[in-house]
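Below are the structure tokens for one structure; questions will follow.
Naming follows writing order (A, B, C, D and E), and every chain is counted from residue 1.
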Amino acid sequence: MDIFVQILLNSLETGGIYALAALGIILIFRTSVTTNFAQGSISMFSAFLATIVLIRTGISPISAAIVGMLFALLIGVLVDYFVISRAQRVNPVSKQIITLGLIMIFLGLAPMLFGTDPLQFPRFVYGSYSFFGATISYNAIFNIVVGLALMGILFFALQKTKWGLSVRATASNDVVARMMGIPTAQVTRASWAIAAALGTLSALMLAPTNSVNLSMMDTVQVTALLACILGGFTSFYGAVIAAYLIGFASNLLSFYVSSIWSDSILYLLILTVILFKPTGIFGKKVIKKV
Amino acid sequence: MDNKVLKVENLSIAFGGLKAVDNLSFDIDEGEIFGLIGPNGAGKTTVFNCITQFYKPDEGDIYFRTNTGEVENLVGKKTHEIIGKGLVRTFQNIELIRELTVVENIMVGAHVEFKASLFNQFFRLKKTRQEESRIRKRAEEILDHMGLLSIKDMLVAGQPYGVLKKIELARALMLDPKLIILDEPAAGLNDSETLSLVNIIKEIKMERNCSILLIEHDMKFVNGLCDRICAINFGKLLAIGTPEEIQGNEQVQIAYLGKEDD
Amino acid sequence: MNSKLMNFYKSHKPYSQFLLFGIILSLLPLLVNLGLVKYSLLTTVASILIYSIVALGLNLLLGYSGLISLGTAGFMGMGTYLTAFITADLGLPFELALIISVAVPMLIGVLTGLVSLRIEGYYLAIATLAISEILRKVFVEFDFVTNGFSGKQAQYPKLLGFLQLDRNGTYILIVFFLILVMVMMHNLVNSHTGRALSTMRGSEAAASAMGINIYRHRLLSFAIAVSFSALGGVLYMHFVKYTYPNAWILMLSLNILAVIVIGGVRSISGTILGAFIVFGVPDLILKRLPIIGSIDGAAYIFNGLLIILVILFYPNGLINMRFDIQRNFRKLFKRGEDLNG
Amino acid sequence: MNECLGIKNLKVNYGSIEALKGIDISVKEGQIVALLGANGAGKTTTLRKISGILEAKSGSVQFFGEDITKLPPHKIASKGIIQSPEGRQVFRDLTVEENLMIGAYTIKNKKELKNNFDRVYSYFPVLRERKNQIASTLSGGEQQMLAIGRALMGNPKLLLLDEPSLGLAPLIVKNIFHIIEEIRKDGTTVLIVEQNALQTLKIADYAYVLEVGKVGMEGSAKELRNNSSLIEVYLGGKN
Amino acid sequence: GCTTSNEIAQGVTDTTVKVGNTAATSGAFAAVGVPFNAGIEAYFKMVNDAGGIDGRKIEFVHYDDEFDPIKATTFTEQLINDDKVFAIVGHFGTPTIGATLDLLKETGIPAVYFAAGIAALYNEDATSIENGKGLFPVQPIYVTEGRLIVARAIEEHNAKKVGVIYTNDDAGKDLLAGIENQVEKLGADYTVVKEQVNPGATDVSSQALKMKNENVDVIVAASIQATLPTIIKGLIAQGVNKPVFTTYSNADATTIANFQTDYANAANKFPIYSNAWVDLSNQEEVDQFVQGMTDFGKPEYAANAFSMAGWIAGHFFVEGLRRVEGETLNWENYINGMEKEPFKIPMGGTVDFANGKRLGTQSMSLLKVSEDGSAWEVVKPVEDLNVILDRIQ
């Protein structure tokens, strides 16, 4: 039983990382109607920036994280300004390929600017807490709390504010949204900025348990995509719950079934779910009308 | 079902709590032009969607006299099987393929007739070539008939609304159907175009010896064209009769037409 | 005589164009032997052609059926392993290996398609990605056949049991298959199946109302795409003579997608142009440019930049550049006329 | 009377197709002006340009004397020019209520927002019944009502209506024309594109007839209504 | 090209000898490829600055193959057939080596140093060119190292039940193969508990828990570079405190820097060992390397294990050249020279290529992470594999 609790706690920690990344992907999906494959690379890049700042100036990890997220906001804005906003005539699939190009740019620039060695980003807090025979680090608790709080704020903003409504309108029909007075360009820009910041936070939450390196976000990126699918691109909370579920399932499978085949089994499970619920667990099914 | 081509019996379908079609029955004679009218949201399009099996009705039967003369219940058939039985439709929100040319769009109407194997198509063998030119020729004839021959090789994207409506109609004519169902064919046409459409539809009926079921809100068009009209409201039958009977029907006036005041 | 040939060429377009293209490509080994071009150029060109074959299949799927697959790499990899196993381990003839190595992935493709093609859009993309990753896992773990991470080897093909091809011969074989695939694609999309696929992509409602069995046509285009991937894999295996699990990753599938988007969706020549941009330009041009070529990783960045720029300026594919060129040409021509007149 | 909208020598192209070949249109404040013409004449193109969705090749669009030719669409909308576009372009995957909320994007005041909701729901009661339905599942006519209602939510100074009666039942069509007259009374200027020429001319003050990208004729609605031969030429059919 | 003993080979002039490699120097592998190549070039710079060998300066050409077999083939062909290099120095990465091994054997071009420890390079009897006589692997072969690790675990901690967390890549799987192979040889008293992780995994907690649950005697972290810190931190987080052994690839300062803080703060300390075929105790050679990197303008790579590897690759090629000084420089002579006598590895043990032996180095030292997690300390000096194996029998 303690093992089970322990696995649950471990999964909460990584699940939060996947969830933040997934949120960023969905946000962009909703405004730019594209799957952002570069989410991970942008996050990796900003995480390097934050770490370099931390190393050079010796500020606290939290300050460095804030600096990193501010950088990320800027990167998001720049990416939108130079690329995405100019891609309005581009269809969704081609936009995906644009994000592929972005991967190459960020992945290519990173070693030139930051060197090729993996870097260390410290924990926000050290120490751990034990209960019922299971341990959880304070850092994990910190991650979980901050992650959930941020997600809560974002949910509120998306569901209850005008900004949220404009995000959804932009995704639904960009042209008409503009006709109704929505500055869709700014909405999209803000989404890219926020998505980059969310991704960076997830990267910096991951960094202490791994390291800051070029491929640090590869797994997160794929898992986050899977979470979006499993939760359904139509809802924000769906992806978040799915991210936690995937984190948990992956650890359970790996512990109780097989660490070799856990991913494959997980893929099959996800496939099975979307087969029965083609719009994701939380996606609404709408009968098409002609 | 001696002289009937279509018989809708006790048709019902609900979306969530909303009964879009409610125990509706009507039938259409061979060679008849039959109108289906009703307020917005009355369930007309839904009836079409049930007939062509886009929606699976909750209750009721839809009997259809197919090309071969047999009577079949369409309920439970696959959507793509319907056209092969001799029943073809157009859509309220035009469903044409923007990247194809006008003539190609129309050729798609004869899809089920095309009988060359995949291998044959891969290497464009004789059979494929024959079928292609035969069907293209037929499409061009129809276009010619509708006065659209000059735009046959243009892309559909960017054509005005009225033209799109006509292309959709043309596509429905590729197979010599027994029953054509048209959802608001005159929407977006101006008065003179509407008038010419009346003539086109009359001709189609005469030449092809088929029946036509249509939805339209333009009452001049409906009255000028239909042999009989069925009026529905809230998915339920209001009245069936000749155009004069329907126009005079008080319930129809209240629900749909409005009183003649100006 | 000359004009007769010209007439034949014109009246048999585009087959004559394909043929001409094939002939030109087949001259490359000659040029290499004459020392006019670099020896290694042949390998780069061969790889472009192999990826073109794969991309043509995906173009059918994406361009005509509107379905996205991110599983290309997995099926291509499967083609490599199967043919290596059949020819190298079992010692069976190349022709048999070719047939089986295309048929088995196609069958698996159809089987996965049977379940996954009920879902759409991004869901299908991720479903195929998952399948591809599972396949890769199989390449890794079933090392008694695949040799795991050490990779597996095979030889140049031996045709009809006696005609042992060398590097040049295998290259010509690749050219042959590319031209064949181009002709087949061209014919298919310009026949009723092609129209049916387009209709299905444009409007499922219209498609099913016109009697098009959507599910069956999806399956069909998926099967074709998978078999082209596998065919590409077979040719890859016998040309590169080596396969390795990590060659068949998501990035390759995305690159193949990039080929189509960059070259031109629904365009055969665009696909080949796209393959050249994605798989040729970095090695043939970018890495040889003065400054870019000499800084580690700069070519990689510029490749990313190039992809983005091409899509921004030619959102419907670089192949549309020819219209611009034509237009400018005509303008020039017109101006000339004005001056004359 | 102030000029609300002034279009001067406007040319718009789609690629190499010239859709508008230089048109001049003037709409006075408080007027209902009709834009008529056969299929493909360029009516929709004109409205789309006014809203800023298209770029002009040359010419200008002025709104109360201010040049808005180059403004982006959302700026134009926030100046009070709101459109109900052709062909029921609703936000398909959002609910009816969300669609209307977006229409009110430029409204800051809560009370005004509520008033607008009440007004639109009173014009189109069916929308209130369906406020949580996903827009794409509405019937054709219901979607059309939603598109018009959405435009009204923003308290437009200039309302652009592109074929508002398309697909509406006769009773509702009559209603629509009443509504248009009513909102004009509230001070909104209206530029309307319609196939239903005669009925439109009944409520309009002034009309322009477009003919393949050019203004073929213009005049007060009354004049045009009585000029039966012209109606036949430009609009086809008489009643 | 074929050469007889008095005909000069391709790529050689009176004043130059041209060599090259193809390596991934962009994308995710840049972290390995760039410093590796810098090491090679730094060594060549040092040699060239000192006047070259036999009056010839070394020219180095390199291509970025992005870890892609087909590009690797292209560029290897380009090096051999178009650039006409004399030798390949520091052929890099499993896919590159796998795809071009046949090509190298067919042409007979000497290839010195392979930057991957894949088993395909292991050859006890490369007596002809077709057999791979021209290929000179230097790095330890992972399978061999796997066997060695088992010996170390027994010797240091009397291990019977060996836990292995291995990455799903060539290094991890080959190491595992070696470990299983050795454990099997040792008999029924010994067992292996294995758990797989993906390279670059984000979460290894389940694997760590499994190790804890199975109560293994030692844990082998069979993974290179970026994944190792994740595994170590994962073990610490799950409160596992068994001795950990890892591969020579990780025996550098940058790798441990990434778990230093966690390790220093860990409640239950456990020893972390690594093999090393480079032994940093030879201060003179280390200084030369640091100086070389500094002169080359890359002081930041002065503690980088990949640069060290590149440096050694350069050294091997140059040593080979020295052995044919005065003779005609061609392939046959060069290869014979390489086989002539064992090599001393800078900062390390020895390799012997005599009589077609192509096994990479078989001698390694044992290092251990210091208490504060800041550095590797030497526990056992460089010894030959067979010596160590004999000890535990």
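Please note the rule applied: contacts are C-beta pairs under 8 Å (C-beta built on N, C-alpha and C of every residue); 3 or more make two chains touch, one makes a residue touch a chain.
Given the structure is predicted, the values throughout are model-derived calculations rather than measurements.
Visitor: Starting from the defined contact criterion, work out which chains touch subunit C and subunit D both, please.
Guide: Of all the chains present, those in contact with both subunit C and subunit D are A, B.
Visitor: Counting one step for each move to a touching chain, how far apart are subunit B and subunit C?
Guide: 1
Visitor: Hop across touching chains from subunit A and tell me the fewest hops that reach subunit C.
Guide: Tracing touching chains, the least step count from subunit A to subunit C comes to 1.
Visitor: When A-E is set beside A-D, which has more C-beta pairs in contact?
Guide: By the number of C-beta pairs in contact, the winner is A-E.
Visitor: Comparing centres built from CA atoms, which chain ends up most distant from subunit A?
Guide: B
Visitor: Would you kindly tell me how far, in whole Å, the mean C-alpha position of subunit E lies from that of subunit D?
Guide: One centre to the other, that is 74 Å.
Visitor: On a C-alpha centroid basis, what's the spacing between subunit B and subunit D, in Å?
Guide: Spacing between the chain centres: roughly 30 Å.
Visitor: Roughly how many whole angstrom separate the Cα centroids of subunit A and subunit B?
Guide: 48
Visitor: Based only on mean CA positions, could you tell me how far subunit C sits from subunit E in angstrom?
Guide: Computed value for the inter-centroid distance: 37 Å.
Visitor: Name the residues of subunit A that each touch 2 or more other chains.
Guide: Answer for subunit A, listing residues that touch two or more other chains: 104, 107-108, 111, 260, 263, 287-290.
Visitor: What are the residue numbers in subunit D that touch two or more other chains?
Guide: Expected reply: 137-138.
Visitor: Among the residues of subunit E, pick out those that touch two or more other chains and give their numbers.
Guide: Each of 26-27, 30, 34, 168 in subunit E touches at least two other chains.
Visitor: Under the touch definition given earlier, write down the residues of subunit A that touch subunit C in their complex.
Guide: Interface residues on the subunit A side: 35, 37, 83, 86-87, 89-91, 93-98, 100-105, 107-109, 111-112, 222, 225-226, 228-229, 233, 260-261, 263-264, 267-268, 270-271, 274-275, 278-280, 288, 290.
Visitor: Provide the residue numbers of subunit B that touch subunit C in the complex, in ascending order.
Guide: 52, 54, 78-84, 88-89, 91, 95-100, 104, 107-109, 111-112, 114, 116, 118, 121-124, 128, 131-132, 135, 171
Visitor: Which of the residues in subunit D come into contact with subunit B in the complex?
Guide: It comes out as residues 14, 17, 38-40, 86-88, 126, 137-142, 144-145, 163, 166-174, 195, 197, 235-239.
Visitor: Which residues, counting only subunit A, touch subunit D once they are in their complex?
Guide: Residues 162, 165-166, 168-169, 172-173, 175-185, 234, 284, 286-289 of subunit A touch subunit D in their complex.
Visitor: So in the complex, which bits of subunit E are touching subunit C?
Guide: Counting only subunit E, the residues touching subunit C are 25-27, 30, 33-34, 37, 63-64, 66-71, 73-75, 77-78, 81-82, 94-95, 98-100, 102, 118-120, 168-170, 173-174.
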